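In what follows, a structure is listed as structure tokens, so that the remarks can point back to it.
Going in written order, the chains are labelled A, B, C and D, and every chain counts its residues from 1.
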Amino acid sequence: MIRFECDYGEGAAQPVLDLMQKTNLEQTPGYGMDEYCAKAQELIRRLCDAPQADVHFMVGATQANLTVIDAALKPWQGVLCADSGHINVHETGSVEATGHKCLALPSVQGKITAQQVKDAYEEHWALDNHEHVVQPGMVYISNPTEDGTLYTKEDLTDLSAVCYDCGLYLFVDGARMAYGLTSEGNDLSLEDYASLCDVFYLGGTKCGALFGEALVILNEDLKKDFRYAIKQHGGMLAKGRLLGLQFLALLDGEDGTGKSAYFQMAAKANNQAMKIRRALEAKGCKMLFDSPTNQQFPILPDAWLETLNQKYATSWIARCDDSHTAVRFCTSWATRDEDVEALLADIAAL
Amino acid sequence: MIRFECDYGEGAAQPVLDLMQKTNLEQTPGYGMDEYCAKAQELIRRLCDAPQADVHFMVGATQANLTVIDAALKPWQGVLCADSGHINVHETGSVEATGHKCLALPSVQGKITAQQVKDAYEEHWALDNHEHVVQPGMVYISNPTEDGTLYTKEDLTDLSAVCYDCGLYLFVDGARMAYGLTSEGNDLSLEDYASLCDVFYLGGTKCGALFGEALVILNEDLKKDFRYAIKQHGGMLAKGRLLGLQFLALLDGEDGTGKSAYFQMAAKANNQAMKIRRALEAKGCKMLFDSPTNQQFPILPDAWLETLNQKYATSWIARCDDSHTAVRFCTSWATRDEDVEALLADIAAL
Amino acid sequence: MIRFECDYGEGAAQPVLDLMQKTNLEQTPGYGMDEYCAKAQELIRRLCDAPQADVHFMVGATQANLTVIDAALKPWQGVLCADSGHINVHETGSVEATGHKCLALPSVQGKITAQQVKDAYEEHWALDNHEHVVQPGMVYISNPTEDGTLYTKEDLTDLSAVCYDCGLYLFVDGARMAYGLTSEGNDLSLEDYASLCDVFYLGGTKCGALFGEALVILNEDLKKDFRYAIKQHGGMLAKGRLLGLQFLALLDGEDGTGKSAYFQMAAKANNQAMKIRRALEAKGCKMLFDSPTNQQFPILPDAWLETLNQKYATSWIARCDDSHTAVRFCTSWATRDEDVEALLADIAAL
Amino acid sequence: MIRFECDYGEGAAQPVLDLMQKTNLEQTPGYGMDEYCAKAQELIRRLCDAPQADVHFMVGATQANLTVIDAALKPWQGVLCADSGHINVHETGSVEATGHKCLALPSVQGKITAQQVKDAYEEHWALDNHEHVVQPGMVYISNPTEDGTLYTKEDLTDLSAVCYDCGLYLFVDGARMAYGLTSEGNDLSLEDYASLCDVFYLGGTKCGALFGEALVILNEDLKKDFRYAIKQHGGMLAKGRLLGLQFLALLDGEDGTGKSAYFQMAAKANNQAMKIRRALEAKGCKMLFDSPTNQQFPILPDAWLETLNQKYATSWIARCDDSHTAVRFCTSWATRDEDVEALLADIAAL
């Protein structure tokens, strides 16, 4: 079975393992207070052009999401998000477990708009008894979204402006940040994220690391005592250097031109994904979402799907009609060209 | 600086890294549903002689503690523990963050007794208004304790009997399980843990893994839906196989005689620790705790400590009097004999 | 201003105050362990034909809702409810504050169906990674609903059967129970609630008491230690007898024929509400919801609303189009006939 | 049985019931937005000489405690308190249920000192890994304490100064405030509380009301959105005016000289309590705590206790030795002089 079902099916990019091996027996302080974390933090600050940013390494995306949201919100505040947002549907209510409601907004192609945020905010405060209703305190978006789509620079600028006006934090889940930054559909840079968001992260788990996400906090209010929040939620790795090391390996040599492994691998994966998309479109398949990134969501005739699934693992997404099903094909930093070629041939032969 | 301050200062035992590298590009299902996790679970069940046990791999000890306790207790229940217990003092209130009070009992050398548990239970239920007071629902102990000491088989048997009689879960934090099992002071086996506890874990982080603990659930009531609990707290690793792989590497070849790396490395660390202890005792130093494991807590004249700290990192534990300080010397699976020899020589020269 | 905006604008039915005054200086044990609570509990058990039921008196509806839900669910479970359900929209996320997600289902006229519950349950368990998604653990409905509508005996029987099949608790918020039971549209009895639900309550606050709801627990699993849950959430009234006394006063003389104040007052209020509805319908107004109870939701031309609001307070519900607004007219146990007559005359004169 | 076991065994002072009856059928807005609440808030602000204070009426003391603490603290902060503090021992872990640890300090006669607070604060921040330990965020004291003792003006001034220096909130639980303010041992005024605390309350439940506490918030940071916190915890009474009315009745005519029912009744109860104390001391009994307020804690020979308990209910406090038991005698606003006289005679006859 060749797996296209997700982008976390393999281990890690080789430079990650190499650097771990190389430094394995060095003795460092625990809990992320080591030199490797410090270097990785400095590198990320530089790539974001945000010398004042706080950078923390989190063990995973759900952990990052719940920790940031819990730390940021007052007990009676909730987080505005797309109804398809990861925190709303695929994290077992981890945000609610910290006491906060996900205030889901109807999304289109995985995205919500600045206008929706503004309306939700104004509707809340227009209520006579607004204290009977959860108060919006933050906006959470994923970019790329769970549907593979992208917020543009204009989208993010508008969201940022509304959030600023309304006193809402803007938090971007960048679990697939590398695929977003290197997509042909992208016009955002790390500097843009750093200047438009209060907090965001560069995903590692899905972008070549064994695990880990690099959280960048821009807003001063969110910086204070954040390490307490990490520890309280069980997210402070004893051997914290493992997180710093991985980002050092992935971003090694990065100068903003995308030459590091982190960017190169993602660009290749996007390229592979677009080939798969075009092959399917050439056969007349529609796409459930218009994704320019490493996740593709074709709507397939059931017979075709059955054929492909004998050889290729995909993720089930939705039943579309009596004879069609939408599935997800994921490429990743680890996807082999020969596997893509085989798939393309098999698609052509359908 | 040679570091004796903790047992998580290095990376991982070489077999761990080797197995990760070897399997790196294999494609497996995520979230611990892979073959490596299945094999490691089966191996651990066999070593525990507990074919019915559920085994889950957790990313770290705080995560394991808060997840188990939150999953096991009713909202109004608390967890009885030593006042020096890790959950009570060094996890930023993570148990309270899930809504449960740590019901701290005075400890001696890091240990609590079956009698204390029985008394606490009976005092609770003897209260007229017992519903105004947190109800004991579980007993948490660490073995080895935070002070390096050990519960004996008799201790654990007594605790287990009281817990059974009182309807309390018995949970053993085994973050340093390998050091406990291989200590000269130990008379417990994994089979004993499995037959006496409701849930316990074999630590990985401090015993040769990069990270991770192997949680063993014996009590049927605690098994149901436990994976939801892991996910909700952000503890479900996307590349879950990394956890299974590590325990496979550490326990490779284990047949109950302690021949695997997990046991061999810990036995050596205990041995090193006892050498350090004896050297200090030979110089007239008293020990704050009577530990037969890899953590030693000498009470040192300040001048001696200052001298040693120029070369060796230790952990500060307590100020004992005007001129003495208790510190911790930790050995680990990674401690080099030459570093111990150097320390012994320097102690002798004090 | 004559207030039709809600059903909690006045104090309490006179028998309530009389009984409080009469017993005021008696000394009783605190926290609901007194004779008056015992008598009220016994009376309610008899009216429900549920001798095994546990009855607890709660200070208010939000308190009752959050306490029941928190006590019943495992940490990773959520509560299925109408998207218009009180817990989902008007309790400041109190359910989420206890760690549980409201799993909102699209409602029609404030109601959800057994089929929706069944579908939600089956969809959950059909997921590959169901542990990544909040597990349904309970169904919460309000009857009468927030829209004034009623579940029929068939509706409730179907919901009960699905819940039983799926292992979900069925919880009925009866904040306006008296208005429901005495509505012309009702075919349910207290015995029906007791035999079909796991837990429900008879509202006091909106039905003639100063405050308080009488919670009836039928399911054995929910009975254990429930007083701890009440106390933990700050809902255990020191002078608990005040709650028992109020229900004794309201239900005094009740023999199942509806002769007590609780039923008589509600029946009158329903009658008044239907008069208002018919008067508005006679003028051509449509109703937003088809309510047979004390809450009516006419869609009014803005000019008419402005006229009426000079003399009568109503609650704003929704903007319907450019020139129409839906509002709520509420009658209650305290609504005076002369105020209704005045309103009817003013409606006729529109 | 004549009850001296607590101060909440009766209903309410007559003026409370009278005012409720008098205003019963008036229509007012709900949730505390009525004129009576506004007047009571204004009156309390005036008595506190704190025109900028926010005053909220809470349904009970546990509710007040958990709501204030949850609203004030960051998730990783805990509340310093006496080990005998009500929140630490008698509220079923309600503070922990909101996610926060009670950081219990050893108390003497129910009191903690400014020095203890300072030490706890400094010890926390002196830790290398302070983020692994719950951060102190607030100091909670009760005055009178649970042991009936009083903090003096000097005590409170010192605590206030330390809290200010350390950035800790100072919160005073005044469930028995009336008994404290009118005790011979008291040198504090409401103005003092208002100038020294960040937030405190005047108890109603134990001081003549049916239920309710008047919370006074002085610190600007705690004022914002506090009504959300009340609602979220189920503490917002629909008929909120009932709380305002009760404080209006109890404080009617108060001009700072203690002429209102609230103060007069408490002064009388203190007087009765001191008579009981002196009678017991005259018989040679020692007191467990040196209380100048309405709670007295004599250590009685078991035979005497048995005799007294045939006629008088008391609260069991502690077993002191083989033949002595400490119990609590409570007087209250409702204690009848003839009951005290009977008790005094029976004590004399022991």
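Just so we're on the same page, contacts are C-beta pairs under 8 Å (C-beta built on N, C-alpha and C of every residue); 3 or more make two chains touch, one makes a residue touch a chain.
Keep in mind it's a predicted model, so treat the numbers as computed, not measured.
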Please identify which chain has its centre, taken as the mean of its CA atoms, farthest from the centre of chain D.
-> A
Distance from chain C to chain B - Cα centre to Cα centre, in angstrom | 50
In whole angstrom, what separates the CA-based centres of chain B and chain D?
-> 42
Note: chain B sits from chain A at a C-alpha centroid distance in Å of 34
At which residue positions does chain B touch at least two other chains?
-> 75-76, 91-93, 97-99, 129, 131-132, 228, 231-232, 236
Drawing the touching chains as a network, do you get a line, a ring, a star, a complete graph or other?
-> complete
Which bits of chain C are touching chain A when the two form their complex?
-> 75-76, 78, 89-93, 96-102, 128-129, 131-134, 316
Counting only contacts in the complex, chain C reaches chain B at residues 31, 70-71, 74-76, 98-99, 129, 131-132, 135, 225, 227-232, 236
So in the complex, which bits of chain C are touching chain D?
-> 1-3, 6, 8-12, 14, 17, 20-21, 23-30, 59-67, 91-94, 97-98, 205-206, 210-211, 228, 231-239, 242, 334
